[in-house]
Every structure is written in C-alpha cells, then in structure tokens.
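Everything below concerns the one structure shown next.
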Amino acid sequence: MNNQELRLLKPGDVVQSFYLIRAVDCKTSSNNKKFLDITLVDQTGEMNAKLWDCSQQEEEDYGRHALVKIKGTVSEWQSRLQIKIDKIRLAVPEDGLNIADFVPVAPKDGNAMYNEVRQYIEEIHNQDLQKIVSYIVNDKKDKLLVYPAAKQNHHAVRSGLLYHILTMLQMGEKVSQVYAGLNKELLFAGIILHDIAKLDEMDAGDLGIVSEYTVEGELLGHIIQGIKMIDRAAELVGADKEVSLLLQHMILSHHYEPEFGSPKRPMIPEAEILHYLDIIDARMYDIKKVLETTPTGQFSEKVWLLQNRKLYKTSLKGNEDIKDPF
Amino acid sequence: MNNQELRLLKPGDVVQSFYLIRAVDCKTSSNNKKFLDITLVDQTGEMNAKLWDCSQQEEEDYGRHALVKIKGTVSEWQSRLQIKIDKIRLAVPEDGLNIADFVPVAPKDGNAMYNEVRQYIEEIHNQDLQKIVSYIVNDKKDKLLVYPAAKQNHHAVRSGLLYHILTMLQMGEKVSQVYAGLNKELLFAGIILHDIAKLDEMDAGDLGIVSEYTVEGELLGHIIQGIKMIDRAAELVGADKEVSLLLQHMILSHHYEPEFGSPKRPMIPEAEILHYLDIIDARMYDIKKVLETTPTGQFSEKVWLLQNRKLYKTSLKGNEDIKDPF
Amino acid sequence: MNNQELRLLKPGDVVQSFYLIRAVDCKTSSNNKKFLDITLVDQTGEMNAKLWDCSQQEEEDYGRHALVKIKGTVSEWQSRLQIKIDKIRLAVPEDGLNIADFVPVAPKDGNAMYNEVRQYIEEIHNQDLQKIVSYIVNDKKDKLLVYPAAKQNHHAVRSGLLYHILTMLQMGEKVSQVYAGLNKELLFAGIILHDIAKLDEMDAGDLGIVSEYTVEGELLGHIIQGIKMIDRAAELVGADKEVSLLLQHMILSHHYEPEFGSPKRPMIPEAEILHYLDIIDARMYDIKKVLETTPTGQFSEKVWLLQNRKLYKTSLKGNEDIKDPF
Amino acid sequence: MNNQELRLLKPGDVVQSFYLIRAVDCKTSSNNKKFLDITLVDQTGEMNAKLWDCSQQEEEDYGRHALVKIKGTVSEWQSRLQIKIDKIRLAVPEDGLNIADFVPVAPKDGNAMYNEVRQYIEEIHNQDLQKIVSYIVNDKKDKLLVYPAAKQNHHAVRSGLLYHILTMLQMGEKVSQVYAGLNKELLFAGIILHDIAKLDEMDAGDLGIVSEYTVEGELLGHIIQGIKMIDRAAELVGADKEVSLLLQHMILSHHYEPEFGSPKRPMIPEAEILHYLDIIDARMYDIKKVLETTPTGQFSEKVWLLQNRKLYKTSLKGNEDIKDPF
Amino acid sequence: MNNQELRLLKPGDVVQSFYLIRAVDCKTSSNNKKFLDITLVDQTGEMNAKLWDCSQQEEEDYGRHALVKIKGTVSEWQSRLQIKIDKIRLAVPEDGLNIADFVPVAPKDGNAMYNEVRQYIEEIHNQDLQKIVSYIVNDKKDKLLVYPAAKQNHHAVRSGLLYHILTMLQMGEKVSQVYAGLNKELLFAGIILHDIAKLDEMDAGDLGIVSEYTVEGELLGHIIQGIKMIDRAAELVGADKEVSLLLQHMILSHHYEPEFGSPKRPMIPEAEILHYLDIIDARMYDIKKVLETTPTGQFSEKVWLLQNRKLYKTSLKGNEDIKDPF
Amino acid sequence: MNNQELRLLKPGDVVQSFYLIRAVDCKTSSNNKKFLDITLVDQTGEMNAKLWDCSQQEEEDYGRHALVKIKGTVSEWQSRLQIKIDKIRLAVPEDGLNIADFVPVAPKDGNAMYNEVRQYIEEIHNQDLQKIVSYIVNDKKDKLLVYPAAKQNHHAVRSGLLYHILTMLQMGEKVSQVYAGLNKELLFAGIILHDIAKLDEMDAGDLGIVSEYTVEGELLGHIIQGIKMIDRAAELVGADKEVSLLLQHMILSHHYEPEFGSPKRPMIPEAEILHYLDIIDARMYDIKKVLETTPTGQFSEKVWLLQNRKLYKTSLKGNEDIKDPF
C-alpha cells in the first residue's frame, strides 16, 4: 500500500493510510456526544483529525503513540486542514510497520551520529575534558540516541539533538582552523555538552517526541541542570577544577543574554564561539525548513521563530543544483 | 586619645588619629616622585589620603589592611575631601587597638546574630530542610560571622550578610502570620541560604572587607554557586529530592528578573515572598543610610543605588523620637 | 434545593440551579435567529451560557444583574465549558434568595472589615493625618463597603478593596515592628488611601461588580483622582500642608514605575514600603487563587496576571494542614 | 565702557567687564586657602571664574545674584574656559547698570508677550474655558512675566515660559486652520496652561533664573500640580465639570509617554496636537541655538538635549538671508 | 436603485446592492463543498461575505476587483458581521456604474490635488531642488494620482498619498511662517518626496487598492528605495550634490527612530519638522476616522493604530458645527 | 637606535624615541602659557604627551601626522600614563625612517591581502555578481589597501578593512562546506562589499588613520552609501536586477537589528550568515587584543566594546603553544 504523506494532503482528499497518534483528547461536542480530538503525525508533518461519536472502547484503544490505520476525508476548518475519520483501526504485526518510521527524524541515523561524536571526543587529548565528556555521553547514551533538541523549535525531530551537536562539531573544527588561538578541545567539549541537560529537562520517551517538561526542568531549566551534571561528573572522574569550571561557564553563558537564560556573558573566546555556532545552526535549520516549501522568487509567510520575518527564495543558480541543501 | 571620626572631618581640619588602610596604590607624580595614594577607613566612613615623596620603606610598610596613625590636614579636591599626610606610623601593640574597631560593622554582634539564626533553624521541623540548612551554615560559619552582603551596595559592612539574613528572618516570621498559607519552614530555609554563596563569590578576608571576586564568582556568580552548594549538601545529608529542588529554585529565582540574574521567575509562593523580603531589606538599609545624613525638610543628593532618586527627610514627629531607626 | 457550584460543573452535567447574570448580549445566529449570550456567576466562578431562539420578552426579562433559575446541559466549546439553557425563569421572592449570595465576595464581611479599618485609623495620633483619612473614609463609606479592588485583576470580588486594605494594614503593622524608623501612622494613612479613588474610577453598583470605568477614570485615572481627593479633603479639614503633600506623594508613587502609572518614584521610606505591601498582597492573592485549583506536585497553566508564569503546587507537609491558606 | 560678551572670550584674553554672579561656592584649595568658585553670566552665556585667596569680607560681598565688575584673564582648564580674577568690586549706582540686562532673556519683552497672550484668551468664547484660563493667568501674572520654561533645557531664559506659550499659540492658530475639526479654544487653553505649574515647581526669583525645585515640585511635579491648579480654579469660577476635566486631561497627557511623566496618553485630538506643538517648539528652540554657533557646511558637537545627535548647518541659500531665524 | 452603504448594515438586514470584490478565496467546507470567502467593499467600509456551494463557473467569474450585485442577509459571527449571499451577478454596462465609485477615496479629486502640488513645486525657486522634485513627480504621475499612502494604516484610500502630501504642504507653509529660519523650499521638497517610493514599494493597481508589497519593497523598503530614486534623479538632472544629499537625508531620517526604519535621526531642522508634520497628519487622519463613529460623550474601542488607546468624543460646542472636520 | 615601544613604557621611564603624532591640540595652561597636547602613536599603542611652554614655531612644526623624535619622562596622571616632553625635533631623511612603520597595521601586507581577495573574486562564476564586485573593488583599490575597518572599534588599524574581509572570506568558505545549500558566490560577494562604503564614510588618508567622518557619512552612513554604490555599479556593468537587489539587501541587513542600523532583517540565508561572520570576526579580534595583555589565570578590566564584560585568560595547555593566536 502507498501511505499518503501528511504534508501533501489537500482539502477534499480521501485518505487511507497509517499514522502515529501524537496526542489525543476526548471531548464532548455541543450535542453532548463524545469525540476524539487527535493529532496525527508521520515523518512529513502533522494534522488534526476528529473521530466523532466515539465509543468507550475507542477512547481506550486510540491513545498517545498508538499506530493506527484510518480512512477519512480532508477538509479545511478556519484555514487549517483536518481529517474527518470514517474508519479507524490499530496497526497489527501483520501490517509489518515500524513505529519509528512515523516520527519525524534527523537526516542521519542516530547510532552513526553517536559514533561520529565519539570520534570527536577522541580528539580531546586533555584528560580532564576527555573524562568529563566521555562520562556524561556514556551515561546519557540511551536518551541521546533519540531525543530532539527542543519541544517545538529547531531540531524538534527524533535524534535532533545529536544532529545539532554533530553539525556544530563540524563547524567547530572549521572555525578552529581560521581562528587558530581557540582551544579546539575545550570548544568540542562545550559543543557536546551545551544542551545535554535537555535530556533531563524534557520527557521525550523512546520515540523522541517531547510530551512535556520535567518538574526539575520547569523549576531550574537545562542550563542549570547541565552545570550540576558537569559539577558531579567532574567530581566523579576526579577532573581538574578549572577545567570543570570553564565547562560550566560555557554552559551558563551560551544563551548570551540574561533575558534568554544566561546570567553571565561569555568570558572566554571558546564560550563566545560556542554561542554563535549554536545560533547559526538553529537559524540554518529553521531557514532551510521554511525555504523548502517556499516557491522560487517568492516570500514565505512570516516566521514566528525568526522574529516574524518573511524569507525570500532566490532564483540564483546553484541553489537548485544542490541535492542536500544546508 | 580621641580618634577623629572620618565622617566628621571638614576642609581645613588638622587630623591626628588612627585609621585602617583599605587600599593603597604607589604612583608617580608629574614631577616624577613616588607617592602613596591611600584609602583610609574607620567605622564611620572612608577618605582618600596622599603620602607624598614616599620612600621605599614606606611603600613596603603601609600596605593593605595596615593600621596606621597619621597626622595631616584635610583639603577639598574636585568636590571631594582628602588628607595630606604629614606624619605616619604603624600602630603598635602599645597603642592597645583592635583592628576590627576600624572596619564598618553591622549594628549587632556577629556571634549573637549567628545564635539567633540558629534558633530560627531550630524552628524548621521538616528534617530534610533542617539538615541541608544546618549543614551549610555550620560548614560556612567562619566566613558567615564576618562577611558583608556585598562589595559596595547594601550591607557592605562586617557581618553584613548575617545582619541581612536576620532582619529578613524577622520579616519572614511576620509575613507568615499574615499570609498563613505560606510554608514558614521553607521560607526560613530560603532566607538563610539565598545569598550564602556570596561567601564563595567574594574574597573578604577576616575583616569582612571585600577586595575582589573569586574566579568562580566571576565565571558563575553566587546564584549558580549557591545551587551547587545545596545540591551537594542535600546529597551528603541524604535529603529528599523535592525539598532540595525547591530550595534550589528559590535561590535561582530570588532576583526575579532575568536581567538581574534569575533565569526563572518564582513558581512557588515562598520564592515570591523571598524576593520581596530581600529587596525590601536592601532598600530599607540604603534609604536609612541616606536619610541619616539628610537634614530634615530637605532632599538628599541623587542616589545611584536607588535608581538615581533623591530622598526626602520629612519633619513628621515620630521619626525624631526613634533611637534605632529602621 | 442544592444549588450546583459553577466551578464544579463538567461536560455532560445536567444543571438546574440559580445564578446571577453578570453580563448579557442579544445576538443573531447564522440562521438569522436571535439568542442570548449570557455570562452566569455564582460565588465560585462564572460560565458562559446560551439561550437559543429567544423571544422579545426573554430579551427584556433577562438583563444584567437578574437572578435566574436555569435548567440546561454543560458542553465544551473550544476548550471552554458552556451551558445550553433549556429552561429559564427569574427568581421570585418565594425562592428566598439573596442576590448578594451570588456574587464572589471577599473572605470577610464588609462591615466587620470597615470597623477593623476604623480601629487602625484610631491609632493614627497625628491629627492632620487622622482628619484627612477619617474624612475620606466616612465620605466614601457606602462604596467602600462593597467595591472590588479591580475590574478583573486581584481582589476583583465584592468588598475586595476593603479586604486588600485590611491585609495591607496588618502587614504595615508588622513591618513597622521590624523597621522601627518607619512612621507607622503615615504608612497606615497611605495604605488606606492608596487605591481609594478606584471608587470614583470604576462604576461597580451595589453588588460590587465593575461594569465599566467612569469618564474621569479613563481621562485621569485613580492615582490622579486620589491626589485631588486628598488635596480637597486636606483643605476642608484644615490639615497641615506637608502632611497632605506627603500623602499625595505616596499615592502618586505607589505604582513605582512610570510605565505603571507613577511619574515619581517613592522619595520617603513609607512610600517605598507602601509599594511593596501593595504588590505583595496582590501577588499573594493571585497565587493563592491559582494554587487552589492546581493539583499537588503539578504545575498550573501559564498565568497571564503573573507575567505568564506557571506556578507549582509543592507537596511539602504543612501546606496541607492549613485550613485558611494565605 | 565696552562690556565684553562672555561668549566671545578666548584663552589669553584680558577681561575687564561687569557680570552677574549666578552661583558661588566658597572652597578650600589644596594649600588650605579659601577661594571663591563663581559662575558668571551675561546675556550671551556663562563662564566659571576663580577668586583665589579670598577674604572673609569678599566671601560675604560676592553672593548669588550680585552684579560685579571684574578684571582678570581667561585660560583653558580641561577643555573649558575659566577666568582668573585679579580685581573685583560690586557694581554701584553710579555704574548706571540694570541687573536685568545681565540675564539671558527671551527675544521679546515680557509685558508685550503677556498682552499678546491675553488677546488669545479673548478669542476663547467658551465661558468655562475662558474663566479658568483667565483666573489662573491673572493669579500667576507676576511669575509668568519673568519665569523661564525650564531650569536647563529649552527656553531656560528670563520670560522663557511666556515666549514658549506665545509661539505655541501662533502655531495653534495655524494648525486649527489646516485641521478644521479641532476645537481651537480648547487648544488655546491647553497651550496656555500646559506648563503653568512650572511657576510652582521651580523657584526662579525676580530674575527668572531657576535656582532649585520646590519641595512640592520634587514630590509631585508640575503636571500633577497643574491639574490641581485647574481643579481648584474651575471650582472657584464655577466652571463646567467636563471642561475642567478635559483641560486636566490635556495637562496630564501632554508629555505623551509614561516614562516622560504622562500616565495617560492623549484621548482627544486637541491633547494630541498640544503634545506635538510643545515638542516642536522645544526642538526648534534647541536646534536654533546650536546652529547659531555652527559654521556653515559643518557639524555641531553632539547635543545631549537632542538625543546626542550632531546637527548640520547647510549652505543652502535662503538660510543666510533671514534676519531672525526660527 | 439605492445602494446600501456597508457601514450601515446591521444583523438581520436584507441587502441587495452592488459592491466591489476586494479579495476572494475559494475554500472547502467541512461537508466537503466549495464556497467563496469574499471581502466586499464600497466607499464606506468592507464586510465579509460567503457564497456557499459555489460552482466552477462562479469561482471563475467572481475574482478580485470584480464589481458584483448581490442579494443576501447580514448575520453576526464571532462579533463580526458577515453576509450570506443568496444571489450574485456581475455588474454589466447597463448598470451604468463606475468601478472607482466603489473604492474608498480621499476627500479631494486626484487631478485637482496633483495640480495643487504642482503649484507648491513652483514656489521652489532653488533650481536643484526644483528639478529633482519635478522630475520625480512627473515620472511617477500615473501612480501618484491613485495610490494610497499605506496598505492598511492611515490614508489607505485611493489617492491617499496625494492627500497626505497636500495636507502636509499646507502645514509646511504655516510652520515656515512661525519658524522663519526654516528653508521652506527644502521642506516642501522633502514633504513631496518623503513617501514617494511607496509607489514602488507597493503594488496597488489602477484602483489604488494595495494587494501586496513588491519584492524590492520587501527587501529594501520605501525609505531606501526613495533615496536611490533621488540619487538617480539628481544625477539625471545634474543637480548639486549637497542638495541631493540633504533630500536623501530627509527621506532617511523621517521615521525618526531606528526601530521605525530610520538609521539616522534628523540633523537639519527641515528634517526634524518633516517628521513631525508626517506624524501629525497620520494621527489627525486616524483620530478623525475613529471619532466619526464614536457617540458624543463616549469612548471609542481601543485603537490598535494609536498604541491601543481609546479616544473620547467631547461634547464641547464647536466640534458639532464644523462641516468638514479635520 | 632602539625605539621604545609605547605599550611597554612605565611610570618613571626616560624615553628617547621616534613616534608619530596622531592628533595635536594647542592649549593654554592655567598660568596662561601655551602648550601642545599631543597624542603619540607607534605600532604598539598610543600615549598622551605634553610639550609645555611651546613657541609659535613649535606649534606650527608639530602638526598631525608629523614624525618626531622626543626625549622625555613618563608619569601617571589620573591612572593614565603621559609623557612630559623635554626635547622634540622632526624626523629628517637622514633618520632613514618610514612613516608607515609608526602606524598600527594589520598582521598581513595590504597588497598580499588584496591579491588573496582577488582570488576569491575569481571563484565567483556568476557573471553578474562577478562584475559588480570586480568593478567596485578595482574602483576603490587605493583606499582599500590602507583603510581601517573602523575609527575606534575592531580592526582600527592600517589595512584593517582588508584583513577583516579576508578572514571573513576564509570563514565563508568553511561555512559553505558545512551548510551546503548556501550560495557561496553570493556570500563571497556580500562579504567583500558589506563594509565597502566605509571607504567613503570615513576620511582616513594614506596612513589609514581615520580623522573624521565625511559629510555624506554622517548624513547617510556606510550602509546606505554602500547600497547606492552597488546600485550604480550594477547599472554601469549591466548586471541582473535581482542579483543587484540581493546584494543591496545583504548590505542593508548585515547589522541585523534596526537599532544598529539595519531597517530590514536578513531574508535570505546568505544574509543571515554574513551577519554572523561579521560579528564573529569583530569579536574574535577584540577578544584576542584584550587577552594579549591579560595574565594567565586572571581577568581583564571591563571591556566597553564587549558590553562591559571582563574576559578571563585560561591556563589550559594549548593556548600557550600557539604562535599566532586567533
């Protein structure tokens, strides 16, 4: 069977495909009947769907992260598409499906990226740095393989955090070639750990879909949690105090502005660069995503994540030739 | 002998008294001779002094924190008073002086205040809170007895931090009577620990005079250091995780605004109150200090610490009658 | 009969109870029929209700502040509950109801609170202060007994302004014990009068429900109106000019920041404290209200009134034991 | 004798002229001798002067607002000119001088301007407006004739406030011709009264030189004082309440932004225009003053009053031909 | 036939009139049928309308800028009025209608205003200024006759830009009489050209209704485009460099604040005045529009364009007598 | 002779060396004698110097950009070093000196860098981009070889602009390897031209020392000037309109925030990257400069250019080994 991609659906389409339930809510309609208000996802996007007049059994069956086959029609409601579900059933083993194929994922495989990151770690010859980073990356390996980098913003896909780290490591290597005075090892360590506590801040499950923030995530946030994680790891592996302190400072300052969560601005050049590599990678990711759906020679809608800017898709040759842009 | 209080000196006065050297700098004058540029303090204030044409020996003798007897005259230079030193010598045991008498101090004795704080701790019946607070207060007792609450702002006097904590505890008790739903024990714990890492952020020596910030203080700041301190103490005493987390959140949020160093705003009522008790105590301290030298019915100069406001000293009866204002 | 509390209603409930009409609007539906769009209130909350296909007579009967008995069903519409009214009638004397029992009210009785405030006024021995405050409080007694402190924010309940004043007076007494240099009498006077012109700024009727702001309220605002009120009262009772001026300054500066309506910041310590007592009481009120409906160990929704923060309900013992929190 | 204009003095000049002492301070030099630190003014500018080694008698003679003849030399000290006084004496009747000739004044005579303003008042046919404005202008006539519009900013010259009002009235007349819906009478009244309480906010003496702000000026400010002034005048003359309220609103909102002292923005078109006429007149005054001393084709220094802008003096023909620019 | 003005329609009205289609969108309803979502305009306002179950033919016929006759009924949907269309047809020549009569227009005729502007240009005797302005105004005449001054804000009507320019020229003449030092010719030239590149920034068609911004408008904006336009025109007509530079500076600085698009603040008095005349004219236009529909003695809704202020319609005599207010 | 480097001088040093006069001002001292207030520079730094009691001849001889030999002594005045000149003479041909050796210069030779930039230009295969960039770089070659990138900020050294461009081009190449979708050619063109109009904005002479901004630089600024430069060049070489427009947009948006001079934010990915490469290069330059004089393990003074941060010099191995840091 040919599964229909969510991002290609149009009003009036009849749809008959498998999707993952990302979120579901049982509500009561104005005529006092229950219905399921469902968010369906596949790797290409997400869409709202309604299962009207649902039974008690259906309410129990079709929960969060269930893989379902639906039949229905697409309509438009207040400028947004939604599916009215006519038939629905749970996927069964015979369907031969893998749930992970229904979650938006990073362009590279999690395990492959993990190994690449490990190679960068091996380039860190300073033993104190090496031990702290290795300890934490090993300790967090399971989550690191699947977690996104954010709940909704940039890199909010499965293994998104690893992908973000890896791209930044590539940039870190390049930047160190131009600005030769930078301590490359400290920069690598900072890149790998800068968002590591997002693994504790968010609750993302095996599928790498964030459902909510943890209590500690809400009360402290991943920057503070990351500092504590390094503080403890450094003590455990017996690392030098200054090395640990510098890493903590890099985590603390990488959002740069107090109003974005960094009470201290970067005081060492590696922290300064870490901030810019982080923001560049986030911006390139978001821009690429917007331009993918913008026709050449036209402007996108205003993008909230990019300070409400519109983006323009140029017609310059070269952009078209590249297979894997950005 | 009658030591002349620095705050009472006027242009033209001849001065012959003991003072403490808070800071000293050896400079070269335009006629190419060395002189010492000295900051003298006693408990009432501070004043600049010059020792012209100083010798190598004098440069060595009159260092930071030396207690000296000087003879000189007071003049005015660019609207500020300064002393031209004619004679100077180090204080000797025969002078029968105590160096601590030459440092601005809090209105109450350090040990007495420490005991009062201990009594508040005994009112904390929640064992997790109790153990964390006790552990830290014991561990930091030596510094706590003498440290100021800041380098230059409010409570920048010997034992100033203890005085700040104690007044806030008194207020905390009162507030808990009016807003009965507040958890008084959590509030007490938060008050005692809210600035505790200033002991690690600043380097203040035995005299409680801050000379500079520590490296960790500059790179992380006392809010982050305080969170780490609680994190470790809680682990050591085996305290409940939520209790530790709530205390860390109170430290993190007590500056309230990101641009003042709190990446998270208060999310529990005790953290909200902690912030206001902190700011009220700082403001009352600063206002009192300004009004002490403002004549009745007149305005002070603009006060930088108070958003450049002038203050007004009212002539209402009552203010005059009180012996120990504020 | 058992009146069903609005805050306890759930989708699907059948409701048969008395409520007060807080606001009502006659609209025309898409099928061109008239319906009443009603806001119902009781002391526990408020809820939208629809009376479809209403007659001319119904439109006239069910106006603002009418007490009605309805029968209907609760459903959910765009995440908010609403009642579809099947039957409706006006309450009649035989129902034995008191309209004031259907308005959210302060936790204490208006008259009792008024008497408590009068006792605080008796503690003001400065005759100038005493006369100004007494004159205004007497003059405004009728409105003071029932007015809320705001249209929608904190203390937006019947007699809410009195409750706000009274709690602040209790705090004022406590604070004066800790910071002994404060002129308690001036502080009391400032507390009692700080929002007094809200009685002129808003139009709240006998029930203490604000329908709108007055023309003068819109064009000048309660801070300016309060200053004029004191200015005139002081002249009438022949009070000392400085006393009147200080009170006016306290009113003017109590919002602290120009962007919140105070062109001058506090210049006397009593004005400084007045501001913080005001904001603490507003915050405690709002926080208490949010936490009442937040389950232990969980976060509230984002609260717009509290800079869009979420609040956290801790599980610390002690909070549970207290009967009348805050 | 030819009095030398202060603005024309250069380093090295020998000066022998009469000037007014605007401010004076007796200080003690580093060699412990008294000297007078004097600010001299004439109509063209001001300059610092020093009278070294002054006697007790000299300290008494040469006080604020004394008219003196000095002989001395001009030098440069830290980029600013100052006069070293060699000889000094008080002016005597035989010198035939008028003290008012030594104060910077508005370009028009105070009494003439007052009469012009009275003519504008006669154009106000609305009796309520007319009576309020007349009452206040009569009541304040003495100060109005000489007061400046500010202590240091625009129109800080003798009769400067009248000049400011008069120019704005001329503009008000013009604007009413273009935007015919404006109520010209209300606009005139607002213009005349918008800064009237500066007469109470500042203490400027007969010479129209502001020495300081009054206590009420500091604690409330001229906007609030102006509202109270209108409130009382309207009651005294029995004016209509709305008319009084609209005038008060115009005063309240004429600074436009809360951070500049207006808690309410203009809500009627006449208040909107009042604000712009006020700011245009201030800007034109300040710009004219700066460009008078800027050579053609060059930039001025940065002007603090104009948001630290530099101004450019164009070489366009036309500018040169005009006798009385701006 | 009597065409019903859109601004007078009420819920329940039956409407049978001609309107212009400003915008139209073909959508699919929840029951999977197509419908047209139309914005109708006449000279008095605009309203949404729905043509349900539309055919392929109807979708093609009723496009943007079509003039149609509709029959339908007005209802209210979420506080906004909309028309349910029962019958619709295109206007035909026999209807004897002029499409331009269905577009909101400036109060004066485009050609008449153009000629008035030309007269002002003749008053510019400086040949360099004259040539630049004439060249551009001639070159852009076609668009200038019909373009609005904005897409949605002030003067968003046919010939609105010309009306804005003309009113500002009248004000410029008046202001030059009061502040005689202003170079009137430079001011006139700046007024005429200040927004001229809006003709290139927006795409407004013959009807003067802006549909969208041009690519260059989005990427550079009318301020930058205007500078380039003057730069080229000045070169073409051989104008003096300083004159061209001053005009460019006036365009660049006329929004005054960097955050509103002016990287440089005004540095010459004519640029300063240009800014204020621009903002005054925009404000008077917006205020007039709001007050036209506000009952006397009442407040308008909050107006987003005016920093979310409400406006008040006073009852002062005079306002009522004027035929053509503002 | 051994010329003493300015940055190594200490109070008390006797100095006998050649320096360049960067700026000079003839002033009059308090004892009414003329003296020269001189700013001396060499390639290592700058220092103030005084030539007391100077003659008319000396005033004429020692002007801006004169190369002089001085003998004098170094003293400290208000925490800054200055030289009291005892002897001074102009350098003569026999001294065998090259004036350019006394100006701070970029680490690479101007001509060599120019050739490197030309090689990057050859990599731009898009003919429109190529022609525009080539035209401008050729046209401005003379100034480009020597101009600094700023008057006082980063890269304020001879050939500083070229050095800034070249480092950014290296980074641009690297970034294009990681984010493969970027149009490298457009990015190169944007990098080369982003600050090119600084050559017209500033007046820097042959030595590459900026004395002041040009009139056009003040009134328009280099961003606007750069856009006009590209606009004209594109027309001259007959380049495609979109290419020219995209380049202009890159110039316009490269300061990113309106308050820093960019009325439009980047709307294409190459403009986004241009901004970050610009800021990274400025920051790395400033940080390197500060850390060069900061001892290991210590903090620098607060650096105004870096938002008043202190920087920390780490002791991590690696930093020490690198010969040419950054």
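Read from first to last, the chains carry the letters A, B, C, D, E and F; within each, the first residue is number 1.
Basically, contacts are C-beta pairs under 8 Å (C-beta built on N, C-alpha and C of every residue); 3 or more make two chains touch, one makes a residue touch a chain.
If you're wondering where the values come from, they're calculated on a predicted model, not measured in any experiment.
Engineer: Which chains are in contact with both subunit E and subunit F?
Structural biologist: A, D
Engineer: Which chains are shared contacts of subunit A and subunit C?
Structural biologist: B, E
Engineer: Using the touch rule from the top, work out which pair, B-D or A-F, shares more C-beta pairs.
Structural biologist: A-F
Engineer: Same or different interface residues for subunit C and subunit E, judged by whether over half of the residue numbers are used by both?
Structural biologist: Result for this pair: different.
Engineer: Taking the mean of the CA coordinates per chain, how far is subunit B from subunit F in Å?
Structural biologist: That gives a centre separation of 44 Å.
Engineer: When the C-alpha atoms of subunit D and subunit E are each averaged to a single point, how far apart are the two points in Å?
Structural biologist: Roughly 41 Å, centre to centre.
Engineer: Spell out, as numbers or ranges, the residues of subunit A touching 2 or more other chains.
Structural biologist: If we look for residues of subunit A contacting two or more partner chains, we find 215, 218-219, 242, 246, 267, 299, 310, 312.
Engineer: Following the definition at the start, I'd like every touching pair of chains, please.
Structural biologist: By the stated definition, chains touch in these pairs: A-B, A-C, A-E, A-F, B-C, B-D, B-F, C-D, C-E, D-E, D-F, E-F.
Engineer: Which part of subunit E faces subunit F closely enough to touch in the complex?
Structural biologist: Interface residues on the subunit E side: 215-216, 218-221, 223-224, 227-228, 231-232, 242, 245-246, 248-249, 252, 258-264, 267.
Engineer: Which stretch or stretches of subunit A touch subunit E in the complex?
Structural biologist: 11-12, 73, 75-77, 84, 297, 299, 310, 312
Engineer: Contact residues on subunit F for subunit D in the complex?
Structural biologist: Its residues touching subunit D are 27-32, 215, 218-219.
Engineer: For the complex, give me every residue of subunit D touching subunit E.
Structural biologist: Per the touch definition, subunit D meets subunit E at residues 126, 167, 170-171, 174-175, 177-186, 242-243, 246, 265-269, 272-273, 276, 279-280, 283-284, 287-288, 291, 299, 306-307, 309-312, 314-319, 322, 324-326.
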